[in-house]
Structure formats: structure tokens, C-alpha cells
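Across the two complexes that follow, chain A remains constant while its partner is chain B and subsequently chain C.
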Partner chain A sequence: MNDFEIPATESTPLIRTDRTAGRLEMSGDSYPENSFELFQPVIDWLAGFLDQVLQPLTLELKLMYLNTSSVRAMMDIFDALQDAHERGQAVTVNWRYDRDNERVADLAAEFKEDYTFPFEIIPGS
Partner chain B sequence: MEEVDVLSLREAFSRQGIMLGFNGPFSATLMEEIGKALRKHMEGLSESPSAITDVFSAYIELSQNIRHYAASSGVSGAAAEATIIVSRDEAGHYVVSAGNVVLHDDGEALVARIGELAALDRAALKAAFKTQMRQPRDPQAKTGAGLGLIDLARRASQPLACSVKTLDPQHAFFSLRVVI
Partner chain C sequence: MNSGFPLPPGERPLTERIDALLSDAEHRDNPLRAPLAELYDAFSDHLCQLERITRISDHYQAAERDRGAGHAVNYRRQLRRLEKIVRISDQYQGMLRELNQRLEWLSHRDALTGLPNRRHALKRLREEHLRAQRGGRSFVIMIIDIDHFKDINDTWGHEFGDHALTAVAARLAASVREYDVCARWGGEEFLVMLSDTEPCTAGDNAERLRACVGSDPFIIGERQLRITVSLGVGSCRPGEELAELMKRVDDALYLAKHEGRDRIAFAR
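Up next, the complex of A and B:
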């Protein structure tokens, strides 16, 4: 479960993990053709963290446009957080978005409906 | 072969309100570049970020559907090619249209699926999206597991419209029109 950082590209977000801080960060657009290849390291890191580390985890998102396969991959990530939450581990999602882009807020709100851990949708500029 | 008449093509583009069009074999990189151009163009027109997202999303889902289909279907040659058009209609709506060569049965299955989606209202489409998202994923599959069409239907301001035209006994040309 080593930390990693994947720089952003035109169609993929910046992804950065920080085990010590208990933080996973993703920011940018996500519309690769093969989203599962992109998100597998995230899912693996998350599984390792939630399994081995007892401290709280915060998922910091500044995701903007997501294609449907990225949406599907995000569901797997949130499901893992939900399982951890149900086991009593502290997990939080902060999803920041540009207040002009209501599509991002809509997408985040639809996800939030399905989970019971703290899920903040934070407008900014 | 007919000689290329650039002026008449240009006139046809103008008549049909076509802003951006592509026809031929396309790579992932080319698709990204066209998408970038589309966004820049819409930003230049001072469209809202939500409108830009909807049009861009329709463009991406349609192109990726075609590329995934070409990679998986075993239709060779023409199947790796696509026709993708972004236009505006008389009412000012953005319209994203796309077409590709498919196997007959696949074309018919798509028509049936799009017909089912056309009968759903916003709430039912949202429920369908969530149900589809929860379907178990084939570990070999790289795609959004059938979410693309539902997403298109949700972003559209009118029901999705499609057509299938027979090309030969095995193949047909499938086209889909999404009015944002």
C-alpha cells in the first residue's frame, strides 16, 4: 500500500494518496476509455488503507466532468467507504465544485443519496 | 467517385447548422482533441458550464460507445470508423448525432433499447441509471456497463431518436441523435 501520485492528463484527473495524513485526492476531468485501468490502483490503495490503518480517511474530490465508466468506478470507491463506515471507521468525502457548474453538484448529490457516511458537497469558485 | 465539392459541402453544413463534424477512422487522441475544440468553441459562445458539460458528455459517450463497439464486435474495417456531428437546430438546441456500421442484430437491439428509454420520464431514467450502475460488472469489460445510453437520455431535452439502415445482409448503419 505505497503512496502514489498520477499526474492529470487531458482526460484523467490528478490522483494522489497520503497514507500518513489519511487522505486521497482526485481532481480534474475523468473520461478515459478504460476507467477501470485508471481507478484500479485507487481501489487497491483504498482497500489496503481501510484494512490496515485505523485512522480516519478523507476523500478530497475536485472532480468535474466524469464519463459513465468513471461514474461506475466512483461507485466502487464509495461502496468501499460505506463498508468501512459500517465497520465503524471514520470516512469522509468532500466534493468541491465550481458553483457555476450545477451538473457536478447534481452528480455528487445523486451519489450522496446512496450512502450514510459524511458526504459534503462544497460550492466554490 | 464523385469529385469533392468543398463549397457544396460547406453549404450543406451551413444549411443543417453543423458546427463541427467528423467522418472516418478515429483514435482516442483525435477524439480528445475534437472534444477540446468543441468545449473551447462553446466557451467562446459564452455557454454555461452545464450546457457545455451536457454537449461534451453526449459527444464523449457517443464516441466512446462507437470505439468500444468497434473493439469488441468483430465488425472489421468500417466499424472502426464513425461519423460524429455537432449542430444547432432552429430552436437553438445543440444536437449531437453519431453513426457507425453495426451488425444487423446489434442495430435492432439498440433501437429496442432506445425505444424503452424514450418511454421513461426523468425520475424513471434516474432510477434506471442507478439500477444499471448496480449491475455486476464483467471483470473483462472496460466500458460503463450500459450506462451510456441512459446518461444520454437524461441529458437530452427530447427523447433519443435513432435509425438503422441496411447496408448489406450482415451490416447496417446505425445513427443516434441527441438533442440537448
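Up next, the complex of A and C:
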């Protein structure tokens, strides 16, 4: 479960993990050609963290556009957080969005539905 | 143990009666006693077996039913998840579509004046030209150029020049009908296309546009400034290519400039 950082590209978001701080960060657009390739390391890291580390985890998101397979991958990630939450682990999602794109907030709210862990949708600049 | 066989009314269960007969000392020497005892034991064993088999079978059935229910629950959860993915994905697509429309709109706008740009004007010109060629009604085009715009820029600066351009654009746009085109054609040039318009009315229309700019001074910032325009005006001849028409109107504009500006010249 080593930390890693994947720089943003035209079609993929920046992804950065920080085990010490208990932070997983994703920001940008997500249109990967191969979503498995992109998200599997994230899901593996997350599983490792939730399995081995007892400190709280914060998922920091600033995602704009997601294609369908990315939507699915995000739900896998949120499902893993929900399981951890139900086991008593502290997990939080902070989803930040630009004020001039309120639709992103609607979409984040759509994701949030069904989950009971803290899931904040935060307007920014 | 209960054999479960139905009892005639007022009778004790068969098993009880057999138990009683076998334990009764009076029948100890009956030759039927030993075979009955043997038969009764065999019967009891069989009954025992039967109950065991029934119990095991019931367990299997219950397990099978639970497994089926588990599948159903799992299926419903997967379906719900899939529906959520589809719903969210549709919203993302909607968002992209809106963005696309916005970009499409922007690609037809001039950022400074807010008027349609040259690309949009050309598209409308081609459509209108085709319509006229197919026997539709004729249209009138004008190329309108601000007089001495270079002097305005040089004297008051480019920012002031931009304000002047925007102010002229607003007056022109307000003076045409909704289905006409008033576009920024280039630097300080505008193109007006009056659709469904007879060439004989071109002069009045052009004069109206000239006057809407030139008759009242503009107030830009703290300055009051009179701005005039020159216009080249023309309409399509039967069978004439759009490029030829544009060339004639351009030449007319040049003529209007040459003849002293703040005036209209008709394409020849």
C-alpha cells in the first residue's frame, strides 16, 4: 500500500494518496479509455488503507466530468467507504465544486444518496 | 411416539393399545406375542427413519429457499446500483450537451460587441442566397464601415475605440428586425442582411441605418462624439453567385468612402 500520485491528463484526473495524512485526492475530468487501469490502483490503495490503518480517511474530490465507467468506479469507491463506515471506521468525503457549475453539486448529491457516512458537497471559487 | 394414523372416535391410539397388550402378563404365553413384538419394533424403527428423512428434506428446502431469496436481494441491489449509474451518467451527458450548445453559440458570437460574428453571417448569407436562388424572396445586404475609425483609436486609445465599436453595434442591432442579420464583419465593419426584402426598399433601409448611427452623437465615457458610417448596399441578381454579390457591395462601400463618407452607395 505505497502512496502514489498520478498527474492529471486531458482525460484523467489528478490522483494523489497520502497514507500518513489519511487522504485520497482526485481532481479534474475523468474520461479514461481504460477505467480499470486508472481506478484499480485507487481501489487497491483504499482497500489496503481501510484494512490496515485505523486512523480516519478523507476523500477529497474536485471532479468535473465523469464518463459512465468512471461513475461506476466512483460508486465502487463509495461502497468501500460505506462498508468501512459500517465497521465503525471514520471516513469522510469532501466534494468541492465551482459555483458557476451548480450541476456538479446536483450530481454529487445524486452520488451521496444511499450513503450514511459524512459526505460534504462544498461550493468553492 | 405417535403413528399419526387417524383414530376411530373413543379409541385409544393404536401404539398405546399395542404397548398395553405386550406388557399385559395375561398374554405372555400367546404365540402371537413374540411376532407382534418383533413387528412393532420394526415399525418403530421405520417410523423413526421416516421422520429423520422428512426433517433433513425440510432443511434442504429451507436452505434452498433462503438461497433464492439471497439471489433476489442481490439482484435488486445490483439493479438499483445500475439504475443509479445510468441516472448519473445521463446527467453528465446532459451537462456536456449544454456545454456543447453554449460553445456552439459562442462560436457564432463576436466577443467584443456581442453581435453574431462573420462565421454566423456567412452561414445565414449562404442560406438566404440558396433560398433566393430557388425562387424565394430577394434579400438586401449592406456592408457598413465606421468612418475615420483609425482616428478615433489614435486619438482616444484602443479601449475607447472598443467602446465606440460596441456602441455603434448596439444601435445597428436595434435597428433591424429579429430575423435580419446584423453581424460584425471584421475590424470596424458590420454586415446587415435584410431577409425577405425587395431591392426597391434597400435605399430607405440603408438611410435609416446610416441615420441611426450618424444623427445623434454618442456618449462614451465622459466624451461626446459624433460617429458616422458609410454603407455599400446591394441585392442579388438572378443566378448571381454570393461571392460576386459580396464583391459588388464591397466596391459600393469603397465608392461611398471615396465620395466623402457618411453616405450610401449602391452596388452596380
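Heads up, the rule we're going with is that the second predicted complex is superposed on the first by the 125 of 125 C-alpha atoms of A that agree within 3 Å, B and C clash if a C-alpha of one lies under 4 Å from a C-alpha of the other, contacts with A are read in each partner's own complex, and residues count from 1 in each chain.
Quick note on the criterion: a contact is a pair of C-beta atoms (placed from the backbone, for glycine too) under 8 Å apart; a residue touches a chain by one contact, two chains touch by 3 or more.
None of these values were measured; they are calculated from a predicted model.
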Between chain B (first) and chain C (second), which does A:Asn2 come into contact with in this model arrangement: first, second, both, or neither? neither
Once the shared chain is lined up, is A:Arg103 touching chain B (first), chain C (second), both, or neither of them? both
Determine, for the superposed model, which of the two partners chain B and chain C contacts more residues of chain A. B
Based on the superposed arrangement, let me know which partner A:Met75 touches: chain B (first), chain C (second), both, or neither? both
Which holds for A:Tyr65: it touches chain B only (first), chain C only (second), both, or neither? both
Is A:Gln52 touching anything from chain B or chain C once the two structures are fitted on A? First, second, both or neither. neither
Which of the two partners, first being chain B and second being chain C, lies in contact with A:Thr116: first, second, both, or neither? neither
In the overlaid three-chain picture, which partner chain does A:Thr20 touch, first (chain B) or second (chain C), both, or neither? neither
Report for A:Glu10: first if it touches chain B alone, second if chain C alone, otherwise both or neither. first
Can you list the residues of chain A that touch chain B in one structure and chain C in the other? 65, 67-68, 71-72, 75, 103-104, 110, 114
Using the touch definition up top, name the residues of chain A that touch chain B in the complex. 10-11, 31, 33-37, 64-65, 67-69, 71-72, 75, 98, 100-104, 110, 114
Interface residues, chain B side, partner chain A - complex: 28, 32, 36, 48-50, 53-54, 56-57, 60-61, 64, 67-68, 126, 130, 133-134, 137, 142-145, 147-148, 151
Within their complex, state which residues of chain C touch chain A. 81, 84-85, 87-89, 91-92, 94-96, 98
Touching residues on chain A, where the partner in the complex is chain C: 65-68, 71-72, 75, 103-104, 106-107, 110-111, 113-114
